[in-house]
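Going in written order, the chains are labelled A, B, C, D, E and F, and every chain counts its residues from 1.
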Amino acid sequence: MKMISTLFLFALLFSSSYALDFCVGDVKGPETPVGYLCKPTSKVTVDDFVFTGLGAAGNTSNIIKAAVSPAFSAQFPGLNGLGISIARLDIAAGGVIPFHTHPSASEVLLVTQGKILAGFVSSANTVYLKTLKKGDVMIFPKGLLHFQLNAAGYPSIAFVSFSDPSPGLQILDFALFANDLPSEFVEATTFLDDATVKKLKSVLGGTG
Amino acid sequence: MKMISTLFLFALLFSSSYALDFCVGDVKGPETPVGYLCKPTSKVTVDDFVFTGLGAAGNTSNIIKAAVSPAFSAQFPGLNGLGISIARLDIAAGGVIPFHTHPSASEVLLVTQGKILAGFVSSANTVYLKTLKKGDVMIFPKGLLHFQLNAAGYPSIAFVSFSDPSPGLQILDFALFANDLPSEFVEATTFLDDATVKKLKSVLGGTG
Amino acid sequence: MKMISTLFLFALLFSSSYALDFCVGDVKGPETPVGYLCKPTSKVTVDDFVFTGLGAAGNTSNIIKAAVSPAFSAQFPGLNGLGISIARLDIAAGGVIPFHTHPSASEVLLVTQGKILAGFVSSANTVYLKTLKKGDVMIFPKGLLHFQLNAAGYPSIAFVSFSDPSPGLQILDFALFANDLPSEFVEATTFLDDATVKKLKSVLGGTG
Amino acid sequence: MKMISTLFLFALLFSSSYALDFCVGDVKGPETPVGYLCKPTSKVTVDDFVFTGLGAAGNTSNIIKAAVSPAFSAQFPGLNGLGISIARLDIAAGGVIPFHTHPSASEVLLVTQGKILAGFVSSANTVYLKTLKKGDVMIFPKGLLHFQLNAAGYPSIAFVSFSDPSPGLQILDFALFANDLPSEFVEATTFLDDATVKKLKSVLGGTG
Amino acid sequence: MKMISTLFLFALLFSSSYALDFCVGDVKGPETPVGYLCKPTSKVTVDDFVFTGLGAAGNTSNIIKAAVSPAFSAQFPGLNGLGISIARLDIAAGGVIPFHTHPSASEVLLVTQGKILAGFVSSANTVYLKTLKKGDVMIFPKGLLHFQLNAAGYPSIAFVSFSDPSPGLQILDFALFANDLPSEFVEATTFLDDATVKKLKSVLGGTG
Amino acid sequence: MKMISTLFLFALLFSSSYALDFCVGDVKGPETPVGYLCKPTSKVTVDDFVFTGLGAAGNTSNIIKAAVSPAFSAQFPGLNGLGISIARLDIAAGGVIPFHTHPSASEVLLVTQGKILAGFVSSANTVYLKTLKKGDVMIFPKGLLHFQLNAAGYPSIAFVSFSDPSPGLQILDFALFANDLPSEFVEATTFLDDATVKKLKSVLGGTG
């Protein structure tokens, strides 16, 4: 009996040296340069560490015939501060994840169904291109332009992990054409002609 | 024609400002505190960024009825320096990935087949326990003890990603019983009795 | 006179480029992934940078005959954000600091009285074991299981420093037995038998 | 006399605790994930810390009427490991630094002559656009697409600093059109038409 | 039409995976160990990323005949979290930026007018000294004592960039003499004599 | 029997996912920006993790009546890459550790004998000063000028830990006077007079 009580005191002593094992994000509040403020530990439950829904296909009935279902810290606050996140890619036949970058993370892609043609371009403008089958893994280094294409003729699925809980996503066409950046500047900085720029702005909802 | 040549010069100029986009590991050479030295870029091909083999099940005909197939920087040198890695878990019916830690990485687990009961324990000794089904994701914060158990009654599969290209893996029973740490010290530092320690040392190949 | 006033203006100019030399933690408020928010500099005094009390022995009248007196950022908010912390270990004759890990820090131990037998186990399950006397220093790499035992037959003292203001502390036996993790899961993931698990749960206040 | 010799011994004692103040890069040797190996300190001179040549204009007689003169760690090894680098931009009348990213660095631009219209696009596709005059500074966050245009009608000059000794530089048009990435894949992943892609590949020296 | 709407939905999907591209500092609120909390993105405009005023000379009518005009995160909150900052140095004929350190940043100095004699001292007490002319760049490694002197006989200008948005600035003479540190302690810890210390305290507004 | 062999295979599998638990420095070879290259793990023994000698007093028969005995990565290569180091301070009656900085580390000081008057100065030139007795701990934030004085009248001892395996040490008087920096530049950048500078250069072995 005495043993238990001294042990209990011992446990209390140690728990007073409480450590920041995790920092489940309080997504309502302000952010810091390294993520959200932490939800109080007393309010954290196992469900903060579990994200459901990546078992279902994203809706690929769109122009790119593809869908990205993210579990980043904004959707899955348990990742906050832990240096990692995940997403599901669904790419229907003929579908494509267009050229894009993740400004703050490297990406590991794992094919779990179908075939995917993936590529990235280095700063030296070298192209690294591969057709990946089920079980293959490919790494896309941080910040470099890359893309994925369905290479199977039927729906392909991949899961992508990132080296940051909030990897960012800058889709090239959206950055160029889905906003109010004046066409003349787009043209001057991309060497695309006016007709091309205007057409893509129209399709993607841009103005100017 | 002139345009092309001036552009070509321009490209050369820029390529002289070569950046370290990636650092494919030279696994034969010495390591640094942050990973391997880099293979020369001139010898890097797309195959350095692709890892195959996670499509096949690991061999679960062993005492834990489970297998871990890692694609860490030692196996997949393209990950070197990029802050991420991945592995496949196969857990047969009745199988278990015993209590373990990854000293240098947080882990994101995605169930792709079956059901897995997973748990981790915090510094405050709180248990976070959940049965995960296909498509569920769970995060295990860096350095904390955690485990996974088959909860399906048939083979379950998960893919686990880590926030480090070389996350480390310290399996509790192996650390305690699969080496020459004298039994008396194991007993004194775990409160296990001599018979238990000796038995597990015998099973796991330990001495002392 | 004029010199002084212009210099004074000069000082004001520079002080407007105020830097974050330190960030004394506001322990009442929310935390970030890298520590507490900062107490306003105007309220900081020298006493925020001084911690007293490590001169007195901790109470070793407990089951492990040992005590840990932490000066981590929770107890000593001046450490917040500065990448270091310290604690005192008292280990009476026959005492032990049981197997544990610090999930986010490496540890340097300095013996200041008596003798201590210390060891850690690597991911490769190799044991690094040494009897340390007064003035000896040992390093325990981040996240690895380690322990300390009195090797003097009389009270030993050590001071341990950590590479993080909040290093964390996961004591193996407490993580396994001092909570409500069901015995069957403990057994399945440690290979310990039911009697052993139940006994230690009873001693350490665990349930299930 | 004795004072000097004891002081000298004291100096020797301290110098034995030699610190890594800097790590001038050995650019001939292998790289690590965080930069070059260090040149021996005994061979380091002040000239390793000085870079000359940014006083002269780069050659803007090219298709973009602009030049980038980098002082990154490859050109200026003294920066190695120190978290910063610099470059000079010359943009003639009508000149442009086309859309590009720096995968591993944020950029601060300072206009020292003329006027520059600069912009960047966020992950949310918002455009941040400003005409900068001499003495103005603009920040471009890490990894985001940005560009600069001459807005003066006469040569403009800017100096750009980066939060990394090797910031990387991925020029959008070069990444898309100045290599052997097959046109069909460029088209599928950018929504550009075949004629546009083929024309730009021709201009920029690409194939496929 | 349908294309646009599906694309629009696609854009919404992606924007839900909003990333922390930047973290414009909320300078009114509390700080974290790594900078200010972020201003809400909805309130951010391009002016948060632009700093004006470095085009004008600082006032050098003071004892050091020099001025530092900082654009650190306190003055330019758009830098918050981005790992870089900048300042302008004006050094009149006979002027000097006295010995100082930046506790948390390396510095790159670029001369844009005149000549500057600059130097730093390593931990090994080696002096690295150079007279820099327009267009020359010099690096000052993090935390080391350094200084700049006008070497032209007419006003010189330099721009200095730092590897931290809040590099800190500890001016040696101000640290020693412009506060209430008792003279006896200054003397004991610098080997300066009482008259010298008292004189400089008087000039710089110190007491004690 | 079969159980053991399958377990053994299992252990082999796991050990193939070998992690970089530590990186004992190879002090003969080149350095990286983050420390030494690693000694091969096969040659590492427990003695690489143990440093002896801090039990003995340093020699305080010198002008400052004090001694610093470092266990930094140069002396104790087992610390390499682990983010921490330690040293012993001996300060005889009347002794002093003169003003100095550690360019890359914060410091925690623990008094184990006697009394020490310690102080540091912030960027805002505020002095934080305290007389510490046995068992007191004080933190000195990274890169700031600080000092320690014997306040006991008999030998005092402290142990100081640093947040870096190679914290650096720049002693103010040595940086100013113990090298060949011409006196005129020392005077111009410190406001000290010629006689003072020449005298201290003479005492400390400087020239110029």
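Definition applied: contacts are C-beta pairs under 8 Å (C-beta built on N, C-alpha and C of every residue); 3 or more make two chains touch, one makes a residue touch a chain.
What you are looking at is a predicted structure, and each value in this text was computed from that prediction instead of being measured.
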Q) Hey, what chains does chain A share as contacts with chain F? A) B, C, D, E
(Q) Once the contact rule is applied, which chains count as partners of both chain B and chain D? (A) A, F
Q: Report which interface contains more C-beta contacts, comparing A-C against D-E.
A: D-E
Q) When the contact pairs of B-F are compared by residue number, which of A-D, D-E or B-D has over half in common? A) B-D
Q: Would you kindly say which chain has the C-alpha centre located farthest from the C-alpha centre of chain C?
A: D
Q: Mind checking the centre-to-centre distance between chain A and chain E? Centres are C-alpha means, answer in whole Å.
A: 35
**Q.** Gap in Å, rounded to a whole number, between the CA centres of chain C and chain B
**A.** 26
Q.
Taking the mean of the C-alpha atoms as each chain's centre, how many Å separate chain C from chain F?
A. 20
Q. In chain A, what residues contact two or more other chains?
A. 11, 18-19, 21, 32, 34-35, 102-104, 122-123, 125, 129, 141-144, 168-169, 171, 174, 178, 203
Q. Hey, which chains are touching each other here?
A. A-B, A-C, A-D, A-E, B-C, B-D, B-F, C-E, C-F, D-E, D-F, E-F
Q: Sort out for me which residues of chain A touch chain D in the complex.
A: 96-99, 101-104, 117, 119, 121-123, 125-127, 129, 141-145, 147, 149, 168-176, 178-181, 185, 188-193, 196, 200, 203
Q.
Going by the contact rule set out above, which residues of chain B touch chain F in the complex?
A. 30-35, 58, 61-64, 67-68, 70, 72, 74-75, 87, 102-104, 166-169, 171, 174, 178, 203-205
Q) Which positions of chain B touch chain A when the two form their complex? A) 11, 15, 18-19, 21-22, 41, 45-47, 49-56, 71, 76, 78-79, 82-86, 105-108, 110, 112, 120, 122-125, 128-130, 132-144, 159, 161-164
Q.
For the complex, give me every residue of chain E touching chain A.
A. 3-4, 6-11, 13-14, 16-21, 23, 26, 29, 32, 34-38, 40, 80-81
